[in-house]
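Have a look at this one.
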Amino acid sequence: MRILTAGESHGECLVSIIEGFPKGMVLEESFINQELKRRASGKGRGARMSIESDTVEIVSGLRNKITLGSPIAMLVRNKDARIFSQSKDNLAPLSWPRPAHADLAGALKYNERDVRNILERSSARETVSRVCVGAVCKQLLSHFNITIAGFTAKLGPVESVKKPANVSEIKAWTKNSPLNCIDKAKEKLMLKEIEKVQKAKDSLGGVVEVWIEGVCPGLGSFMHFDKRLDGRLAQSLVSIPSVKGVEFGLGFEYAEKRGSVSHDPIYYSKARGFYHKSNNSGGIEGGISTGEPIIIKIAAKPIPTLGVPLDSVNLLTKEKGKAVLERADTCVVSSLAVIAESMCAITIAEAIFEKFGYDLLSEIKTNWRAYLKKCGSI
Amino acid sequence: MRILTAGESHGECLVSIIEGFPKGMVLEESFINQELKRRASGKGRGARMSIESDTVEIVSGLRNKITLGSPIAMLVRNKDARIFSQSKDNLAPLSWPRPAHADLAGALKYNERDVRNILERSSARETVSRVCVGAVCKQLLSHFNITIAGFTAKLGPVESVKKPANVSEIKAWTKNSPLNCIDKAKEKLMLKEIEKVQKAKDSLGGVVEVWIEGVCPGLGSFMHFDKRLDGRLAQSLVSIPSVKGVEFGLGFEYAEKRGSVSHDPIYYSKARGFYHKSNNSGGIEGGISTGEPIIIKIAAKPIPTLGVPLDSVNLLTKEKGKAVLERADTCVVSSLAVIAESMCAITIAEAIFEKFGYDLLSEIKTNWRAYLKKCGSI
Amino acid sequence: MRILTAGESHGECLVSIIEGFPKGMVLEESFINQELKRRASGKGRGARMSIESDTVEIVSGLRNKITLGSPIAMLVRNKDARIFSQSKDNLAPLSWPRPAHADLAGALKYNERDVRNILERSSARETVSRVCVGAVCKQLLSHFNITIAGFTAKLGPVESVKKPANVSEIKAWTKNSPLNCIDKAKEKLMLKEIEKVQKAKDSLGGVVEVWIEGVCPGLGSFMHFDKRLDGRLAQSLVSIPSVKGVEFGLGFEYAEKRGSVSHDPIYYSKARGFYHKSNNSGGIEGGISTGEPIIIKIAAKPIPTLGVPLDSVNLLTKEKGKAVLERADTCVVSSLAVIAESMCAITIAEAIFEKFGYDLLSEIKTNWRAYLKKCGSI
Amino acid sequence: MRILTAGESHGECLVSIIEGFPKGMVLEESFINQELKRRASGKGRGARMSIESDTVEIVSGLRNKITLGSPIAMLVRNKDARIFSQSKDNLAPLSWPRPAHADLAGALKYNERDVRNILERSSARETVSRVCVGAVCKQLLSHFNITIAGFTAKLGPVESVKKPANVSEIKAWTKNSPLNCIDKAKEKLMLKEIEKVQKAKDSLGGVVEVWIEGVCPGLGSFMHFDKRLDGRLAQSLVSIPSVKGVEFGLGFEYAEKRGSVSHDPIYYSKARGFYHKSNNSGGIEGGISTGEPIIIKIAAKPIPTLGVPLDSVNLLTKEKGKAVLERADTCVVSSLAVIAESMCAITIAEAIFEKFGYDLLSEIKTNWRAYLKKCGSI
């Protein structure tokens, strides 16, 4: 599967193409729109989200809702379009790079003095495309009983205490949560924290936890380093704007625990086949899926754009001053889960296609079922 | 640059090919051997390391020590070779998968009952090839004033307190350190911890911190999600066996700090050009290098193989028992740094070639110098 | 540079994304539309071309006509849209596969009984996207003084006798030619041939010759087999629907000539640097460009869809009958040149980026000029 | 499947790694050696072939002759090794580039004055690695009943008249043929031609025809242009040194025939399923295999190095003179078949893995059989 996305933050359109997606799957546009809505909502989001109501338009790859096996192209129009391909816009140049953005390094990379020409693509608005693609992949994964859900595990200093047992619980508990949190008590504190920070014109980061359930054992590979599933998930997730860390299972906690208490012993029963009683590994060992839920945590830094801007330097005059004030969110951790789920869905779908082919959904399922049967009967 | 590695843990040979490496660089075999030695040493390593004395043999891509621009092939012979391509070995089948290894999931993936056919490639001995390739890339990077060094930041529960200011300090302070640690006081405690754990036939994990210095601004790209430098470094590092987490700059700490105190304001002086006084971002913003040192932490789980083996199940009989006892290390955190450095060197070299071409070293340097000049004069 | 195209023959939209295209180039939509017009015109084209008037819509990657370095997404709407993503069409199933199309093998590949689900993407309408992408690459190449032109060298049994000396001649001579031919006398015969064949409800193939001029020496590489420029051009060109053969320089004629009379001796003059007096090699030796014009011939089979359909078999009933009659052209050789030029432009642009980087047009040109200088002074 | 090859013509070793090859296949070293022998033999080969007796050494990826699923590394030592990685050779610089070689363009590309640093990798000795990899892939393909054979269809002006009906005939008829020819009468003339040309210190090219039999319908894809099987085969074949043209089925002859007589009508019988009575398409339609034999012709230019050297220019002094005289063959067309077969085997194996997965041979066969069953029952 190959994916390309395109589109500027205030350009005409966000576009994505998925190439190598199987034929024969019913694809619901409405589900993609739901996911786009999840991405846009959540307490702490800024003004832009009240302007846009992102809606996907699938313009190829489908006939009567069913995938043709041909590339799937999806468009999401920007309502707040301000830069155009063929007609002159009248936007003033931005020459004060904002700290913690791509602004300065991007300006150097491209010998650019108008930071707008950098930020339009480095902006996280690009993740709209990822959510579109992810929503297509999630529909695919549902045919293999794979479900994915993420939640806000930490928002600023407030940490969720409740622990989910599975994806269903996460989905049930986060329903109607303004912060995509599973812990009602902690959520109240988180909301207060956001209000405090909004008043201070400051911003907040946090931690999101994602669960991927139903992945059969053996996806990914240890045969070559760049095929390891955890490495590929790590790239997918760290490539999300603001993400500065990723952990699988115990992650950094592993450092403090001895092997005897941190590894997951192996058991067997007729009903379950091989299984583990614990899942400290987070569902991946030796670079391949174990069959247990894949559990990942990612850390997001606070939103870079601040109401009280930080020190900056003018690109043209080199004079000292303050970063430009672009409209922004206070906290996007609640939206981060859906983007992280999307990236996971893409990576797992790729791993499925590698092992079982990708021409025709029914064919892939036949191959997958034959494999599952052998897994049980080893 | 394309890289393929090959070789089993007890096979005849570890092989790697680097394709797309520039012409015209003096390549020192001796430096590769030094790096292999660094990988093999350190307190806590097991018996295998006293058998092998890894030495590289470069069999293509060079003439009189100078790269030809053609693929570079490198061999490292296994002294402890036990499995062979064309002649029958007499190794007994292993049917007790070891927890925390690829053994069980690998056996399921490949419908395999002899775990040896899995572990020979999933073994971390494969990282010998990565160190070879990394050592070639480090020599390339030195032409661009890029240096890389890693150290043991945490070993089990013992954390290094000392903080380095740059790569030179890390190199100086870890010299002659048995644990690749920069903090002598803490190192003593770490050594005690290893002894304790060795007695208990248990194992330890830890945290390694890697610094990459001298990277010009603008490597990597935010133009497409899979080109972001942090994502690519994350994949490179998480693909190392045992690594379960990765952080850039403040990493997970970011979650607790507000934007106003965690972002790095921008300054300018004639002498330094644009710069930051702090480096919380760890040298990457918006998916591209900022010009500040890239600082990464990785978490390693404890060695899976334990002297007192964990519960397992026989693949053939399904009877309950204990994992097979393969010879193993107690702690490899001290060696992890050189592998992590190698993976970073590979990823940064790729980013250099993307921006400046890869045909001829002198040509790349010309292109790079022209770029640096513009960076300063923006 | 990565390219994805999407879109069905009678779907809503043809879409393409170019990722990895440099920043800082003025991109003229009007030129793309001209190229689309060239593709659609020519004697022998069928009814579809009178319905469509393909016009590109660039929806990302540009600001005020200038490339941003971000992915460029382009749309071309189908006027004759008949299959839709979310609403039911009422097209009758096609169960008679047409010989010489992907119909039968495609139906087997996808276990499909309605051939429309195959032909919608296997149709040559997909080449609209390639022409869009090619037109972008041609604009890039013009900055490196590279020009490309193709012409109808043979149409059915009628062969052009005139030989061009360069791209300018081809462009001048084919202007206003209804068959994109450089030989007025032969063109008359070709036109007669088309009329004859149209009456007979039959179809015609032919040969197109493409010249690429101004390519500096040393693009492509012999360092690995899949980097050879001729191999890559061969793939690009044979991937065009109907193309069944490709030749570089003398091509198949080489077989009959001895080395002493077929190879191009090397000369030098102060004014020209190194040069050849002949160009039998077609501008590529050892997998890299020589600096002489690249000259390629491609053979196209006759249009598969015939007014008097060939034998076929019903996919459902297995009864013998005739292939379904889809609207089609008689001869597309005149349009083939623009598609072939497009594929060449894409492949050469990729080779440029490989050698000189791809971030910023001005930077690439600086690197390229430094290289040209050295080429002269070797 | 990823493949990297390495090695200079007179370096220490030719190396190749195949990554992504399935587990569970018996791999016979002896078959690889047979193929290497076929490559080295044939009337018209020069002195080098009497020095080398290429023998493969498989150093990874196998245990007891069976593939492990891990990368397969293969070495072939050069007996005539003259350039070394770490020790100084004493070869005089070559500054007279040979026409029709990569010498001149390579020297410009790499700003090089000693042509030896170019020709060592541009030399066709590199095809030893391709034959090794191809021989591995052929063994894989035999499990899918796919066989491949090529023969000399034309040598200089002498054309083979006999036409084979299938791969078995080609194999039987070329056995013991000194020129890999299927037409004994014509072969005599070819041998005379070689003698004549050898006396004249000149060289010869020719045409090779390759048949690939047993390919199931539906390999490759028309869903994206770069997945078309004919395009990929074209790249594979044109990437072979000396190859200047490629044709599928009727190839350039198509231009002269109308559609009604050149396309292959479709038939059906219970015993054969869908089939064609003719195979003008050469087994590929719409970019995918039809199930009929794939038939390809490639044209090779005469060997560039001539006993009576052509005009050249000294790279250092720019004085006019003659090309340097490197030891060379008169005609390699007889050996070309085995290289072409190898490249086809690689490309077809890749297409198999794409459609059916690549983890485990038995699993791939299960998936393939399920597909074949559906193909018959459509």
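The letters A, B, C and D name the chains in turn, as written, and every chain counts its residues from 1.
To be clear about the criterion, contacts are C-beta pairs under 8 Å (C-beta built on N, C-alpha and C of every residue); 3 or more make two chains touch, one makes a residue touch a chain.
What you see is a predicted model, and the numbers here were worked out from it, not measured in a lab.
Chain centres here are means of the Cα atoms, and by that rule the chain farthest away from chain A is D.
Look at the contact of chain B with chain C and you find the same residues on each copy: over half of the numbers used there are shared. Separating the centre of chain A from that of chain B, both taken as means of CA atoms, is a distance of 26 Å. In this assembly, the C-alpha centroid of chain A lies 44 Å from the C-alpha centroid of chain D. Once the centre of each chain is set as its mean CA position, chain B and chain D turn out to be 38 Å apart. In chain C, the residues touching two or more other chains are 2, 4-5, 19, 69-71, 109-112, 121, 218, 223-224, 359, 363, 374.
Those residues of chain C that touch chain A in the shared complex are 2, 4-8, 11-15, 17, 19, 23-24, 27, 29, 58-65, 68-73, 75, 83-89, 109-112, 117, 120-121, 359-360, 362-363. Residues 2, 19-20, 69-71, 218, 223-224, 354-359, 363, 366-367, 370-371, 374 of chain D are the ones that touch chain A when the two sit in their complex. Against chain B, the residues of chain A that register as touching in their complex are 4-5, 97, 99-113, 121-122, 126, 130, 154-157, 197, 200, 202-207, 217-218, 221-226, 228, 230-241, 244-252, 254-260, 262-268, 274, 276, 281-282, 285-291, 299-304, 306, 308, 310-313, 315, 318, 320, 323, 374-375, 378.
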